[in-house]
Amino acid sequence: GSDDEEASNVATSECGTDSSFDEATEPVTDLSVAIVAPSASQDLAFTQSMVDAVAALGIEPQITDGTFQVEAAAEAIRGYADSGVDVVIAHGTQFGGSLAEIAPDFPETSFVWGTSSETQGLDNVFAYTPAADQGGYVMGTVAAAISESGTIGMVGPIDAGDAALYVDGFVAGAESAGANVNVSFTGSFGDVPLATEAATAHVGAGADVLTGTAQHVVGAINVASANDIPWFGTQANQESLAPELVVASQVYHWEVVLADIFDQVEAGTLGGEVYELTLENNGLVIEFNGCYELAEDVKNGALETIDGIIDGSISTGA
Amino acid sequence: MIRRALGAVVPVGAALVAFLFGAIMIVALGANPIDGLVAMLDGAFGTRERLATTAVRATPLLLVGVGICVAFRAKVINIGGEGQIVIGALASTAVALAVPGTPKVLLLPMVIVAGMVGGGFWGAIPGALKAYASVNEILSTIMLNLVAVQVMNYLLRGPMIDPLEVEGSRIPQTERLTDNAALPTLLSGTRLHLGVVIGITAAVAAYVLLWRTPLGFRLRAVGHNPNAARASGISVERSIVTAMAISGSLSGLAGVVLVFGSESLRMVTDGSAAGFTSAAGFNGIVAALFGALHPLWTIPSAFLFGGLLTGANNLQRVLQIPSPLAVALNGIVVVFVVSSGRVRTWIEQRIRQPVDDRGASAPVAGGGG
Amino acid sequence: MSDFFTLSVLVATFASGVRLATPYLLAGLGETVGQRSGVLNLGVDGVMLLSAFGAYWTSLETGSLLLGVGAGLLVGLVMGVVYGIITVIFQAEQGISGIGIYLFGLGFSDLLFEEMVGTPTPIKSLPKYSIPGLSRLPILGEALFEHNLMTYAAFLLVPLVALLLMKTTFGMNVRAVGENPEAADSLGVSVGLTRFAAIMVGNGMAGLAGAALTLGLGIFQPNLTQGLGFIAVALVYFGAWRARGVMLGALLYGIVAAVVLQLKARELIPLEASDLAAMAPAVLTIVALVVVAGRIEAPAALTNPFSRH
Amino acid sequence: MLEMRGITKRFPGVVANDDVSFDLRAGEVHTLLGENGAGKSTLMKILFGLYQPDAGEILLQGRPVTITSPTDAIEHRIGMVHQHFMLVPTLTVAENVALGLPSMRRPFTDLDTVSQRMVEISDQYGLTVDPSIEVWKLSVGERQRVEIIKALYREAELLVLDEPTAVLTPQEVDDLFVILRQMTEAGRGLVFISHKLREVLDLSDRITVLRNGVVTGTTVPAEASLERLAEMMVGREVSLAPDKPPVATGRPRLVLEHVTVIGDRDTVAVDGVDLEVRAGEIVGIAGVSGNGQRELAETIAGLRPAEPGSSVQIDRADVTTADAATTRAAGLAYVPEERMKDGAIGEFDVGENLLLVNHRDPSFLRGGLFDFERIRLHCQRLVDAFSVKTPTLQTPTSSLSGGNIQKLILARELDSDPTVLLAAQPTRGVDIGAAEYIHGQLIERRSEGVAVLLISEDLDEILALADRIAVMYEGRIVQLVDRADATREGLGLAMAGAADRSPG
């Protein structure tokens, strides 16, 4: 990658390295941090993006992961607050209701909650949300450009949440570039065999580019590998799953937001603000895979699209 | 007397052996097992708040478990708790969404009834399939669990979605429900809410139903011997459907408690049933069997498993032990405790022998025939 | 719809259904043997998870798929010993101990994965093996004879399990102890040993199912099965405790799922109806059984522990 | 060839065998006689390795042996035909015979060889059964033959037959006895268990009587009489023939018109039966098991649908299509043929079983809940009135003796003041004392104007009780005669389908 890609919304990994994350050696803050998250911390998706982000800030958080059930998460959130943790990250929209009950009981604790576009009027809660449609749109245009058949396959879990935003953005981007996206939702976040067969079905229906969201895409990525088909990832960097075929991943860099939040907490402001991860604030980063040879003009087109989204001349349709 | 004591000592002993396994795993994970045990006990029963939380976590298990007791007495194995919870929750949520302004005294009973009707309906389907079409209930309930999840996904994504989410991030959840339907807190400063009382009441009611009413009498008769029940004028088909409907309605009630006793006061799906139910539909079966399929014994049993859940949560938080350990430990406890029944019999036989030698009396000339 | 009813699509759909059916079939066949002996194992899913992890990890470490399959089988057999001790020696209630096994498998496989692997790492998946000659057959060739070896093994096991149950002494003993253990016992057939062996066969095949699943996909992640083992148990009831019936059930289940996926991939199912379509396999399985269910009797001693007194 | 010395066996709360000694010589039939629960089966299960004795020893050919499993017993050439058949219904006859035997074609079964040898044995003793048929398709008599073949196939020298005649017709019993005689002539020793005195006297070489687990004596037929044996069994004098006062019959209370029923195997089980039972009479239905009696009874009781065109009336009410509850409401009381399958719930306690039919009765309820005090009084009254021997009302029914369970069912059924009583095999497998009592009850109800339909395979019972006798054969009533005109021979012929009955 070139120099000006540092701390920007685009990155290109060096082929052969396995992580695009540089862990800071010095922690940016002395605050104690806990994360409560719904899936496994190494899910190569939603939860991992947060765990990696905190690590990138040099902080070693306490983690309660795998709490897909709201009540269990609420217990953990309350427990961390109770034990004196300074910042509790409630990484799941579904935890918001519980947070509305818990946060007022711990006015000294700062809670960070997402994905959400509101703080529910609580002044010790920060909220964050990714504009996943933005990266989706960019990758949609790239996908359209490299697709020869003009048919792209998308494997989603259920049509909701940031998965839905990503799908909407991706479809809008691809269609703006003249390709057609066949979208199938498997009805499950974790059903790998189903995602695998869904991807196979897309290939059978003529797709020569694949993408997808949620943990179960590990199966779909294998189908891409088996058929030598390019893949686009989202949430976390998925290069490790198909080093030759992942064209790019839209990665959530929560650390951009978190660094700011930690500063505020240290300064005594415990919440009240909503952060959005966008291409503009470098919270969303399109991480191109250095091992995949993408035509220069296509990549430049992507950069232009990013600029267009940032200056508002392109609407992602979401 | 000795029998009574054994009945309590042996399963508890088995549970202790199971925890020994847990301790070994904790050591393997590089933590101190004593700390682990302390963290579990402390998390489950350490403070007033935690006791309250344990009771709250136990309530869905209790309700499902009581339903299992009722169904099992009629010899129907209800593995459909997960689906029945989901449908009960959806029905009650729909009511709360439809008439949000209704005063609490009216709305609370309304959502409870809706949840029970929803769950009862979802339970009656496999009941009717079994009674009238000979479809095995293990098959149909497992399949209906899958169907219920997709019904939930569909409704929370479409018709019942929070209007704010339609244009926003499209989280599949309902809007926050009216506080008029929230289960009131019983002990301020804790999570203890009316759901716990509902759970215990349901257990007592099920006990009364099974052993004090003609309907319960019929269910038990059908469970023990459908042929004799039929010959004496009891409709076996109707009883099976009734048993499953009752069982389902109790699971539906668990769904109500999960929604209206939650802090978030809304339904949200992660695409799976367990995301909403915490697998209460399965763990409730365990609680019921641990309680010897007796509604009243299911109360302490569910409380114990609720404690295991809250304790494990604390264990993970305090020692940073991965959460799957708790699930695995849960399984080991179940396996050890169910296996202990046989051990109890062996011990009983050991101590009975000398007793009998002091002059066995034959009170009645029994017979085969 | 015309888009769907082309020969090549139908063939692809069928092939996809066959692949999806494979783990159900393996686990279901094993469970059939177990249930025929009178032992219900609701823990199949847990066994599959453990053996899937074992197979995955072994392949990851050694690079050998064959060793992976062996590891899956081995884990299944170990769990067979455990379940045999629980149900035959300790005579525990089968429904509940199965759920215990399930919970243990679910948690422990997840724990092992987190501790020993951490992040889903792809492995080589089982290669497709075209059967010389047969795979050239028009239509049938692609649908039936271009699969991985575990799929062939699963379908080959259908007649073998039927043969085992109906024609061998062991199978006769299995049927006898599942139907009337007292009678078998009175003729010197060891009920305990026979059931133990049937449990070993059942769990071993659940182990193979786990291996087939993870190695077929080339990946593992926590709760990989998503309750697949429970459906396999249900399919045993669907199949009326017969190998062929279980195969039909597994195929029905797999093919309906495949059809739905194919229709989605061709946008023939509107996105709004996506969830509703996802229930199709479950609904159809129930409907099919309502239609065909006569008076199918379960093995009479199913779930009943045996002792002489 | 066999000696059992000082055998003691305890079960929780019961001493089933108390210092029992028993021996058997080659070539003889040694009968074990005793009431229900006397300990006959237990003694033989000990011999067969199914139970371990608490004390005592077993000697074969003079040498002490330990038999810890049926395999041991079979190795010692002991065979047993169990009281409750030990057959696997879903397996074929040949498979049932082959179970537990080594196969020549391991790992596969060798059913051809088995079938062949089976046929040889069958031919030798006239025990014809098709080896390839599944056992569930066989009649009771055929199943018994399979049991005997199983033992012979294993070259049993010592054969135990536990109540083999309880389920057979007179003709079948005769056939069986011929076979048994052939076996003793070949030098085999037989232990025969029964409480049918006539048969015992007929067949036995020696008779040992058990009462409450203790041997009360051993005798030979020449020195015994029916009365003497009965007294040894029961411990008091018993009357073997009931008194039956004449009663004037009233109007028809149970009317069957052209009743046709399809059976479990989709064949016509009951074929156009017409029958009336009047107030104050007992009509007996005689017949070999499997000729439609069970289906007929179930249809009358509302448990099995009749074909269109049939009509069943109870006290003029049409109950052809009614369910069991409605039929009972119309006045029917029903004592089913298999008491533990259809009559009572083993896991229920005595009180609960007494409540089974009328648990809805509002007088047992208070505020919608059971009023246990009233229920207790009611049940206690029934237990006393019908002298059901039970320690308490809370005793599990399964732990009562067969006779007491039968009395319990009768108490429950008669308590509803029926106008029609349908009793199927009411004394099957019941000891003499209880049978005597049950017969008395039937006669008493008849005197009170109840219409009694008695279905029984025990010709003695029919002859002793019935006012009119119908014989069922292949679903039809082939003979209907007044008691006065009935002869044992005539009925026997009719039961056999007159001329066209095939042997075996």
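By letter and in written order, the chains are A, B, C and D; residue numbering begins at 1 in each of them.
In the analysis below, contacts are C-beta pairs under 8 Å (C-beta built on N, C-alpha and C of every residue); 3 or more make two chains touch, one makes a residue touch a chain.
Just so it is clear, the model here is predicted, and its values are computed rather than measured.
**Q** Could you pull out the chain whose C-alpha mean position is farthest off from that of chain B?
**A** Comparing chain centres, D lies farthest from chain B.
**Q** Count the C-beta pairs in contact for every pair of chains, then give the pair with the highest total.
**A** B-C
**Q** Taking each chain's centre as its mean C-alpha position, how far apart are chain B and chain C in Å?
**A** So the centroids are 28 Å from each other.
**Q** List the centre-to-centre spacing of chain A and chain C in whole Å, with centres computed as mean CA coordinates.
**A** 35
**Q** If you average the CA atoms of chain C and of chain D, how far apart do the two points sit, in angstrom?
**A** From the centre of chain C to the centre of chain D is 45 Å.
**Q** In angstrom, rounded to a whole number, how far apart do the mean CA points of chain A and chain D lie?
**A** 75
**Q** Among all residues of chain A, which ones touch two or more of the remaining chains?
**A** Within chain A, the residues that touch at least two other chains are 66, 158-159, 187-188, 190.
**Q** For chain B, give me the residues that contact two or more of the other chains.
**A** Chain B, residues with two or more chain partners: 150, 153, 157, 272, 322, 324.
**Q** Can you pull out the residues of chain C that are in contact with at least two other chains?
**A** In chain C, residues 110, 114, 222, 226, 275, 278 touch at least two other chains, as defined above.
**Q** I'd like to see which chains touch which, written out pair by pair.
**A** Applying the touch criterion to every chain pair yields A-B, A-C, B-C, B-D, C-D.
**Q** Write out the stretch or stretches of chain D touching chain C in their complex.
**A** 48, 50-51, 69-71, 74, 80, 82, 85-91, 95-96, 98-101, 103, 106-109, 150
**Q** Which stretch or stretches of chain D touch chain B in the complex?
**A** Of all residues in chain D, those touching chain B are 10, 12-15, 35-37, 41, 83-84, 212-213, 301, 303, 323-325, 327-328, 334, 336, 339-348, 352, 355-357, 359-360, 365, 368-370, 389-391, 395, 399-405, 429-431.
**Q** Where on chain C does chain D make contact in their complex?
**A** Residues of chain C touching chain D: 167-170, 172-173, 175-176, 179-180, 182-189, 300, 308-309.
**Q** If we count contacts the way the header does, which residues on chain B are in touch with chain D in the complex?
**A** 208, 212-214, 217-218, 220-221, 224-225, 227-235, 352, 356, 360-369
**Q** Please give the residue numbers of chain C that touch chain A in the complex, ascending.
**A** Residues 8-9, 12-13, 16, 19-20, 23, 110, 114, 118-122, 125, 213, 216-219, 221-224, 226, 228, 257-258, 261-262, 264-267, 271, 274-275, 277-278.
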